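The two complexes that follow have subunit A in common; it is paired with subunit B in the first and with subunit C in the second.
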Partner chain A sequence: MSDMSVPKTPRIWQLAERRYRLIGSKCLKCGRVFVGSRKVCPQCGSRELEDVELSRKGKIYSYTVIRASPMEREKYGPYIMAIVELDDGCKLTTEIVDCSPEEIDIGTEVEATFRKIGEESKSGVIYYACKFRPVAKGV
Partner chain B sequence: MIMRGDVAVIGVGMTKFDEHWNKQLRDLFVEAALEALDDARVSLKDVKAMFVGNMGSGMWVEQEHLGSLLADYLGISGVPSLKVESACASSGMAFRLGLMSVTAGLHDVVLVGGVEKMSDVTTSESTHHLATAADREWEAFYGMTFPGLFALIARRHMKQYGTTREQLAKVAVKNHKHGSYNPKAQYQRAISIEDVLNSPLVADPLRLLDSSPISDGAAAVIIARSDIARRFTDTPVYVLGSGAATDAIALHDRDDITTLRSVVLAAKEAYNMAKVEPEDVNLAEVHDCFTIAEILAYEDLGFARKGEGGKLIDEGVTELGGKIPVNPSGGLKAKGHPVGATGVAQVVEVTLQLRNEAGKRQVSNAEIGLTHNIGGSGASCIVHILGRGRR
Partner chain C sequence: MNFKGDIPAIYGWGSYIPVYRIKLDEIARVWGEEPARVKSGLQVEEISVKGRDEDQVVIAVNAAWTALKRAPEVSPKDIGAVYVGSESKPYAVKPTATIVAAAVGAPVTIRAADYEFACKAGTEALISVMAQVVSGMIRYGLAIGADTSQSWPGDVLEYTAGAGGSAYIIGSKSSTSVAYFESQYSVATDTPDFWRRDEVKYPRHMGRFTGEPAYFKHIMLAANELMSREGLKPSDFDYFVPHQPNGTFPVRVALRLGFKPEQVKPGLISPWVGNFYSGSSLTGLSRVLDKAKPGQRILLVSFGSGAGADAFSLVTQEAIEGKKGLAPTVDDYISRKKYVDYSTYLKFWDKIYGV
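After this line comes the complex of A and B, so read on.
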C-alpha cells in the first residue's frame, strides 16, 4: 500500500477546526449554507459569506452501505454513508453510526456526534470529524 | 457555432479493453494510436498536435507528463502534446480540445487519444484513486466512494420516480448482450437479470454487476479539417456538435441529485450546435459507469422525460434493434472502463457505426450518433454529436 492511502497531516490541520466544530459558510445575500469554506457563493455569486456553526441535526437525504472500501478503510468493514440535509438547509456527506441499515431510511432524523475518522500511521496524527447517528426516539 | 461540421474523424483505433497485466500504459497508447493512424492512412509526420485524456496516471502508475512521454514513444516528438484531465471525462474533453485546435486554425491533423492503466494496483487502491474525482476533503475523507455516490443517486431516483431494482438490472443485461458482439469488449458474455440481482452488493442498492469494471486500455482518433479529410479517407465522419459543462464537485452541493445539470447543459449546447433534436439521434454511447447512470442519461439527454428512464429500458427502446440503441459497444459496463480512455472509445464506436463497420452490433441506417461522457459524479460532462453527412 502506498502512502497516498491516507490524508496528509497539513491538510488535516487546515480543516481540523471546521470539522471538529462543524463550521460552514453562509451566504449573507441568498442565505444558502455550505459545508466547508467558500469565498464566493456558487448559487448567487455574492462575495459576502461568513463562517457559521452548522445545525447539528438533520434528516437523511439519501444513504448507502459501502461494502467495497477504499484502501484507508480496507479493514473497516461495511459502513453506512449518507447525504444529510441539516435543519439549516446545508447538505453534507457523512457516515451514519450507532445503528444498522435496517433502522434508517430517507427522512430518518439524525444528529452530529464527534468521532474518530482514521489515523495516518501507527505513530502519526489521528483525525476526527463529525459523524451522525439517529436521534433517540422519545428524547 | 463555429464547429458544426468543420472537423472530421478520419481514423479510429483502440486496444481491447481488458486487464492487460503484461502491457504498460505507453504500450497500450501506442497500440491504439498506430491503429488509428493506419485506419486514417495518415503518416506520423502528418500529425501536428496531440491531446491525451487520462485521469490518474500519477496515482496508478506514478507517471505524469504523459503528453511528452507518449509523443516520444509514438515517434512524433517535436509536436505539441499534452495530457487533459477531467476525471472519467478526460478524453471526451481531450477530443473537444482537439476540435478547438483544428477549428482555431492551429493544426490541420490532430491525434486525440485516451488511456488508463488501472489493474497494476489492488481494487481498494483503485477505489481510493477514483474517489479523488469527488471532493477529497468533504466526501472521500469521510469514506465516500464512487459506487457510493451513484448508490445515493439510485436510491433517490427509486424513491422519487419509482425506478425499480429490475430496471437497473436490465441496463446491465442489455449492455452485456451488446458487449457479446464486440471483440474488443472486456466482457463478451451475456448475463441474466438474476445474475445481476444475485451479484454481491457493492454499495446498496448497487451490486457488482451494476458496476463498470476496472480496466486497462487506450483509444485514439485522428481528426482533420473537413475540407482536407477526403485526402486521407473515403469515409469521414463529421463532428456536428460539441457541448461541455460543469457542476458542483460534491454531490451534496447540488439541489437535485436525480438529474445531472452538467449533462443537461452540455447536451443543450451540442444539440444547438448540431441543429438536431434528441429524436434525430440514431444511436448513443453513454456513460454507464453504473446502471443508474444510463437511466439518468436517457432523461438528461432528452430520450425520456425526467423519471421515465426506467420505462425506456422496459420497452426495449435502447436495445440493438430498438428505436435508439444505446451502448451498442457494450458500454462501460461490458466493454470496460479504463477511465481516461472512455470518452475517445465512445467516439471510436460511433464512428465505426456511422461508417457501417460495426459488424454484428451494427445499428442499421445510422446517420447521427451521440457520445455522453461524464466526470466524477457528474461534475463534468462532454457531449458530442457526429454525423455520416456534414449537413
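After this line comes the complex of A and C, so read on.
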C-alpha cells in the first residue's frame, strides 16, 4: 500500500536545489555567511541578505561515528557525521564519505561531493545533496 | 569537415570515478575461476565500484562539476541543453538530466533529456548538444556519459562492469575552446548482441558473439567511414580512443584499423577501472585531453550494443594547456582508491536480497 501513498515530496522540492548547490545566505551589511535561508542576520540584525553558493571546501570541526544507524539506514552501516567549518566561515552538519574514521581527525581538509542521501522508499523519490570527503592530492 | 557553419568545440571536460575498487582476483576467487587466466584474457586488473551512496546521477553531477571547473568562462546560466547518456538510470522514468541541470545551476529555460543506446548513449548526447550549438539554438550545452555498469553476479560481465563517467561543455569554436570537432560519422544496424529487457535488473548478452559482428564490425565501419570521407589515415591521428569493454578489445581494434599501440594506450582506462558503459569512451577521451598538446588530432569511436558506433575527429587547441590544471585528472581519480572485498561489493550494489 505504501507504494500508492501520496509522496511527501513538496518540501523536498523546495529545498532540493539549495542542497544540491550548497546555497546559503550572506548578510550584505556585515558580510557574514550562513547555512540555509535567512530573513534576518543573527549577527547584526540586518534584513538585507542574499543567496550565495557556500564554499565547497572546509575543515572538520568535530565528528562522531554513528554505529547504531537509524531505521531507514540500518543496512548502511557505521558512518561518520561531522560539523564542517567551510572556508567562508560557516559551519554545517554533514556526512563524511570515502574514508574510514581512522583516516580523519579534527582539522582534516574536506570538500563537497554530490551524493544520494536517501529515498522515500524503493519505489519513491530519491534524495540527493552535498556530503563531504577528505581532499586528496589532485582530486 | 562535415560541419557547414559554426564549428562545435569542447570548452570544459571532466570525469568522476568512485573511490572503491574490487580486484579481479577477488571476483575470480568467489566463482572458482583461475585469476591469472581471467585477467590475461580481459587485460583488466581491477574495476571501480559505486559506493553505497553513489548511483548514475551522482556520477553525472560530479563529472559535470569537474567539467565546469575547466570552463570558468562559461556561466551555468548560458547552458541551453543538458543531455545525459546512460543504461543505469536510478529512475526508469524521470530524467537524470534535470537533476544535473539543477545541480550545476543551469537556468530553467533549457532542454534536458536522457539518452539510451547501450554504451554509446553518451556520445549520442554529445552529438545532440553539438548539433544545437552549431545550429545556433543554444550557446553552450552539457553532454554526459555516466553509468554504474550492471552485471549478473557470476556473469563474465561482472569482471569488467565498472562505475564512472565524463562530462563535456560544448560551444562554438573560439580562442578559449580546448578542442574542436572536425567531423562526425555514425553507423547503426539491428544487432541483438547485448540487451536488458524492461523490469529485468541486469543485462544479457550473446557471449562471444558480442566481439566480431558487434564491437569490431561497428567500430571499424564508423572509423573507416570517417577516415575515407575526410581523406584521413591512422597516421594522421595522434590518439585513437575506442569504446573499452575490457583491456583487449580496444588494442585489437586499433591494430586492425592500422593504428599503433602507442596511439591507443594514452586513452585506455579499462585495465584499472573497467567498462563505464556510456561513460567509457568519453572517459578515455577525458584522459587523452588531460595529456594532449595543442594541435593534436584525436579519433574517438564509441560503440553501443544493439548496435552502432559514433566516430569523431577532434583537434586540440592552444587553450587546452591553461585548463588542464583547473580540475582533477582521470589519473587523479584512478589513483585514488580503496579496495573492497566481494561481500562489501554486493552490499554497496544492494545485491544481497532479503536483508
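Just so we're on the same page, the second predicted complex is superposed on the first by the 129 of 139 C-alpha atoms of A that agree within 3 Å, B and C clash if a C-alpha of one lies under 4 Å from a C-alpha of the other, contacts with A are read in each partner's own complex, and residues count from 1 in each chain.
Here is the rule we use: a contact is a pair of C-beta atoms (placed from the backbone, for glycine too) under 8 Å apart; a residue touches a chain by one contact, two chains touch by 3 or more.
In this text, all values refer to a predicted model and were calculated from it rather than measured experimentally.
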| item | value |
| --- | --- |
| Combined model on subunit A: subunit C and subunit B, fit or clash | fit |
| Of subunit C and subunit B, partner touching more subunit A residues | B |
| Contacts of A:Ile83 with subunit B and subunit C, given as first, second, both or neither | first |
| Partner chain in contact with A:Glu17 - subunit B first, subunit C second, else both or neither | second |
| Inter-centroid angle subunit B-subunit A-subunit C after superposition on A [Cα, multiple of 10°] | 150 |
| First (subunit B), second (subunit C), both or neither touched by A:Ile126 | second |
| First (subunit B), second (subunit C), both or neither touched by A:Ala136 | second |
| Contacts of A:Arg47 with subunit B and subunit C, given as first, second, both or neither | neither |
| Touched partner set for A:Ile117, first subunit B, second subunit C, both or neither | both |
| Touching partner for A:Val97 - first (subunit B), second (subunit C), both, neither | second |
| Nearest-approach distance, in Å, of subunit C Cα atoms to those of subunit B in the combined model | 12 |
| Common ground on subunit A, meaning residues reached by subunit C in one complex and by subunit B in the other | 76, 95, 117, 131 |
| Parts of subunit B lying in touch with subunit A, wherever the complex brings them together | 59, 122-125, 127-128, 131, 135-145, 147-148, 151-153, 155-156, 159, 200-206, 248, 250-253, 257 |
| Subunit B-facing residues of subunit A, complex | 1-2, 4-5, 7, 11, 15, 34-36, 42, 61-74, 76, 79, 81-83, 91-95, 101, 106, 117, 129, 131 |
| Of subunit C, residues touching subunit A in the complex | 19, 51-55, 57-58, 61-62, 65, 90-91, 99, 102-105, 328-329, 332-333, 336, 338, 347, 355 |
| Subunit A - residues contacting subunit C, complex | 16-17, 20-21, 53, 75-77, 95, 97-98, 113-117, 126, 128, 131, 133, 136-139 |
